[in-house]
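Structures for review follow.
What follows is chain A paired twice: with chain B in the first complex and chain C in the second.
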Partner chain A sequence: MQLVINALIAGSLAALIAGGLALVYGVLGVFNLALGQMVLVGGYATWWLYQSLALPLVVSVFGGVMIGAIVAWCAFEVFVAPFYKRHRFLPLVTTIALSMMIDGVLLLLFEARPRSILANAKTIVALGDARISLEQMFLIAITFILLCLCAYVLHSTVIGRRIRAVVQNDHAAMSLGINAPLLHRMIFIVSGMLAALGGVFIGIDQNLTPTLAFPITIKAYAAIIAGGKGNLWGAIICAYLIALIEQMVVGIEWFGAFYVPAGYQQSVALLFIILFLLFKPSGLFMLKNRSA
Partner chain B sequence: MKRASLLGIFFILLSACTGGESDNGPIKIGYIGPLTGDAAAYGVDTLNGVKMAIEERNAAGGVNGRMVELAVEDGRCTGADAASAAQKLVSVDRVTAIIGGQCSGETLAAAPITEAAETLLLSPLSSSPDVTEAGDFVFRNYPSDALKTKAMAKYFAEKGWKRVAMLSENTDFAMAFRAALTENLGKEAVVFDEVVEPGTKDFRTLALRLKDVSFDVFFPNAQGDAVMAAMVEQMRDQGLTQPMVTHDVGDSMTLVDLIPEAVSGMQVINVPSAGEGGEFETKYRAKFGDAQSTIAFAAHAYDAANVLMDSIAKVGTSGPRLRDALYDLPEHRGIVGRFSFNADGDVVGIPYVLKEFRDGKIVKVKDIAVD
Partner chain C sequence: MSFAFLLHGVTLAAITLPTVIGYNVVFGKGKVFHFGQVGLSLIAAYPLWLTIVHFQQNPLLGSVMGMVFALLTALLLAWLSFRLEPDAFGVMSIALHLAILNVILNWQSVTRGALGVPRIPRWEFMATNGIFTIVAVLVAVAWITFIFFLDRSRFGRALAALSEHEWYAESIGIRRRMTHTLAFLIAAAGAFITSMFFPSYLYLLSPSDYTFPSMIFIVMCIVAGGPGKVLGVTLATVLLILLKEGLRIIEIPWVMETGIQFVPIPASILGPVRLILFGLILFAAVWWRRDALFPTERRV
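Right, the complex of A and B next:
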């Protein structure tokens, strides 16, 4: 029970971040390697608004996500938009440059010491023999709501239909009057906001350090590759799946005899993904076309 | 390794062009420490300590009339970066001596290079027992964990804590501490012993497993305070109420900022909080603001720089003569106390104290004697 909750906490965080990444890849075909840094931007911005400017928490979180959106927008205009039409791998390089810049700026602005958005002890709730904090329940619930919202927008609204049209063929979609570049921009900003929200959760549940970014990016990529590149739901399911495997690896007494040493937690989870891809190289949920 | 050796050749070629050192120009001292990365807080504090000592010395006329210059390199708390940093300082900057590294991994990786160049390496912060054997030119004014783990084992025995649970981060410092403590406690006393990858922050499932283990004391063995905060908080979140005792890393006010309630009551066995509340701290704050980890780290670095400059004033800049001067040093009166060096280059005269987190402060509980 506690194991599943632990996996839900870690998985929700990963799903938020990987979901945004999968959207961007699915719609634009672009790899964003500054994703982890965008996560930190959201987290640190919220920390700054809440701790230094002493704004109320809700306002700070909203502000943090907005700052994340603005950074994502600027990043899109400067580092992605001029390049991705020429070749969709170009942003791979430009976003690496962006990630290094953001790393430097964060270190300069917020110093190397770790920061926590909510320092006070969390309110722990006991569910049977499992324990979870209110904040973590929020995290799980908000992620769930956002994912449902995404599903609704994608599958039941005009915008969603346009997005899916752009995914299938952006030139054809444009000839029918759909403003594909605008949709691209929107999708990129939404992914930045989801990432920023992920950063807020990290800042509340654990703490923020300037070096967190790269491991976050790696995990998100593992999820979208395992889920079938560009498949939003596949990425999200895989984010939860990887989290669950990670928790099970160290949390279960295997064959009643031994625990896997905790140092192998991530390796075993990724090994599982590799083995899986060997047998089904297209990923868990690959469809015929790229899809969002 | 290949990259490091190529770099080395490159630097040697470069240095061949720079010409020899003059006798009345500035004296160059190198610094290696983590200025970026998870351990950057230590780097910033110790670098500021060194800078402060050098500025004061230069303001007072320098060392025998010569100004002291500092060449700073980022070791990032990793062996690879520290090795190329040492290579550069030795070959390109041609420093007289190096203050560093801070992380034990840095010092251990830099030591073979400085050893070959007969350049003094003086670490203000590395505590791994392996540093004792690292070389003839390697010194430190921070005590070895071989002693601290002894002090810790003794304290556990005193309290009647027979079953110890520990959680270690896979870094040179933490792993050496784990090995030394296990040796001092005896293998059977360690009832839970897990090692996680550096930077791990999700310990919830390990905490869950720990609930099924009966233990008397928990020892969070992390390399930096960000990871330690996650360990301590998630253990407490799971309702584990056993006492916690840790080492230097826990001696950080950052923990109070991060997890004020969870950390309350945790005990720390460390060197005394040297410099705290005194003139040194006032001067430090005026220049650099609050220490990022603890003022004691800056104090150790400040003393290291001073003991080095005192020795240069006495015997000049030759590596072997500086080495002998440090071995023969009767006593240095610094911020951290009176200390000297033994035949291994380890510091003698720095005591240990037991501290505890109480009401958002770290207070001294008592001295701990090690024999």
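Right, the complex of A and C next:
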């Protein structure tokens, strides 16, 4: 039970980040390797607003997400927009450059020390023989609400239909009057906001450190690739699956003889995905593009 | 100041060049989206030096172990590259690197985790820094010459043709699997050569020298020097290493003893500043070479 709850907590965070990214990949066809840094920007900005400026938590979280949106917008205009129409692989390299710069700035501003948005002790609730904090329950609930909202927007609104049209065929959608470049910007900013919210959750549930960025990015992309690139729901399901694998790797007594040390959690999950992709490279839920 | 700094810079450039030039074959010439080169160095360095230092075995056996591990990992990467879309392969090659690094950091009973492996020996005839530099330079020159002629051989032309248009290249009899596998093996050999020299130069095998920023540095050398260009990448690597070492020179104990402070910045600021600076250089290099890095496919 505790393993499932832990997987739900870690999976909710990963799903939030991977969901936004899957949309970006589906719409723009580019990978953003500065994603982990955008997560940290949201977390650190919230920490700064709450701890240093002593603003109320809700205002700080809102401010953190807005700063995340602004950074994502600037990143799109400078590091993605001038490149992705030339070759869709170029932003992968330019966002690596961006990730280095953000890492440097975060280290200069906040140093390498761990930072926690809520420094006080958390309220723990017992669910049977498992334990979960109120903040973690809140994280799971918010992620669930956001995913439902995302499903509603994508499947029941005009803007959702436009997004799906651009995902299926960019040029065909533009020929029908859909402003694809505007949608590209919007989607990138929304993914930045979701990433920033992920950073807020990390800052509330655990600690923020600059070294977190790359593992977050790689795990989110592993979920996208394993879920079938561009498939939003595939990415979200795989984010939860990866979290479950990570928890099972360290939480189960293997062959009744030994436990895998917690430090190997990430490696085992990544190696498992690499092996899985060797045999099913299209991922679990590959979508087929329509061609004109 | 200049001689000690120059000797250190030249040595490091000579040590780094084999892996950069090897990687240039895959990423620069072949345009294969591979970001696992530092992972290859890592998987070559640890078996090599652990066999010699931890298990007290013959250096020759250590070298064989390092080479075998590097080549097997290169084959795995090549296989992965055939199975996945190019960008997905790029991300998964980073994942493989992170997974290997994570195992090394956690397998403390053998690798000593983040502390690294100290007392890495040098060959007796390379005990002094001067001789070490000469040997490293000679090996680097031999490797660059080999890659230079390989670049102009049938293999180089096949690799270039595949990077321009895979289907057309295959239609004229170029075998992608064979060519790309060979390219990955060359990259692994380059990584192995660097792994032979680098830890023994520092007398320390530290996992912190094999993190993702090291990979970014290699990518930056390729992009700045011109992807696929052997001499351009060589020049860019030498210049960027001189810049990088110029910035960090205050951290090197034996240089500090000489009283040299190339850039008087506190160490806590130096690291982040270097990240920002190299990020800017990489971005500027990509901007400058945005048409050459991933050229549009030729059409008939």
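Points worth noting:
Everything that follows uses one rule, which is that the second predicted complex is superposed on the first by the 287 of 292 C-alpha atoms of A that agree within 3 Å, B and C clash if a C-alpha of one lies under 4 Å from a C-alpha of the other, contacts with A are read in each partner's own complex, and residues count from 1 in each chain.
In the analysis below, contacts are C-beta pairs under 8 Å (C-beta built on N, C-alpha and C of every residue); 3 or more make two chains touch, one makes a residue touch a chain.
The model shown is predicted, which means the values in this text are computed figures rather than measured ones.
In the superposition on chain A, contact of A:266 is made with both chain B and chain C. In the superposition on chain A, A:79 makes contact with chain C only, while chain B stays out of contact range. Once the two complexes are laid over each other on the shared chain, residue contacts for A:251 go to chain B alone; chain C is not touched. Of the two partner chains placed around the shared chain by superposition, chain B and chain C are both touched by A:215. Residue contacts after overlaying the shared chain place A:105 against chain C, while chain B stays out of touching range. Once chain A of one complex is fitted onto chain A of the other, the partner contacts of A:93 are limited to chain C, with no touch recorded for chain B. According to the touch criterion, the shared surface of chain A, contacted by chain B in one complex and chain C in the other, consists of residues 107, 111, 215, 261, 263, 266. Those residues of chain A that touch chain B in the shared complex are 2-3, 6, 9-10, 107, 111-116, 119-122, 124, 131, 133, 206-207, 209-212, 215, 246-247, 250-251, 259, 261-263, 265-266. Per the touch definition, chain A reaches chain C in the complex via residues 31, 33, 79, 82-83, 86-90, 92-94, 96-101, 103-105, 107-108, 111, 214-215, 218, 221-222, 225, 229, 261, 263-264, 266-267, 270-271, 273-274, 277-278, 281.
The touching residues of chain B, when paired with chain A in their complex, are 36-41, 43-44, 167, 170, 194-197, 199-202, 204-206, 208-209, 224-226, 229-230, 233, 236-239, 254, 257-262, 292-293. Those residues of chain C lying in contact with chain A across their complex are 33, 79-80, 83-88, 90-92, 94-96, 98-100, 102-103, 105-106, 212-213, 216, 219, 223, 268-269, 271-276, 278-280, 282-283, 286-287, 290-291, 293-296.
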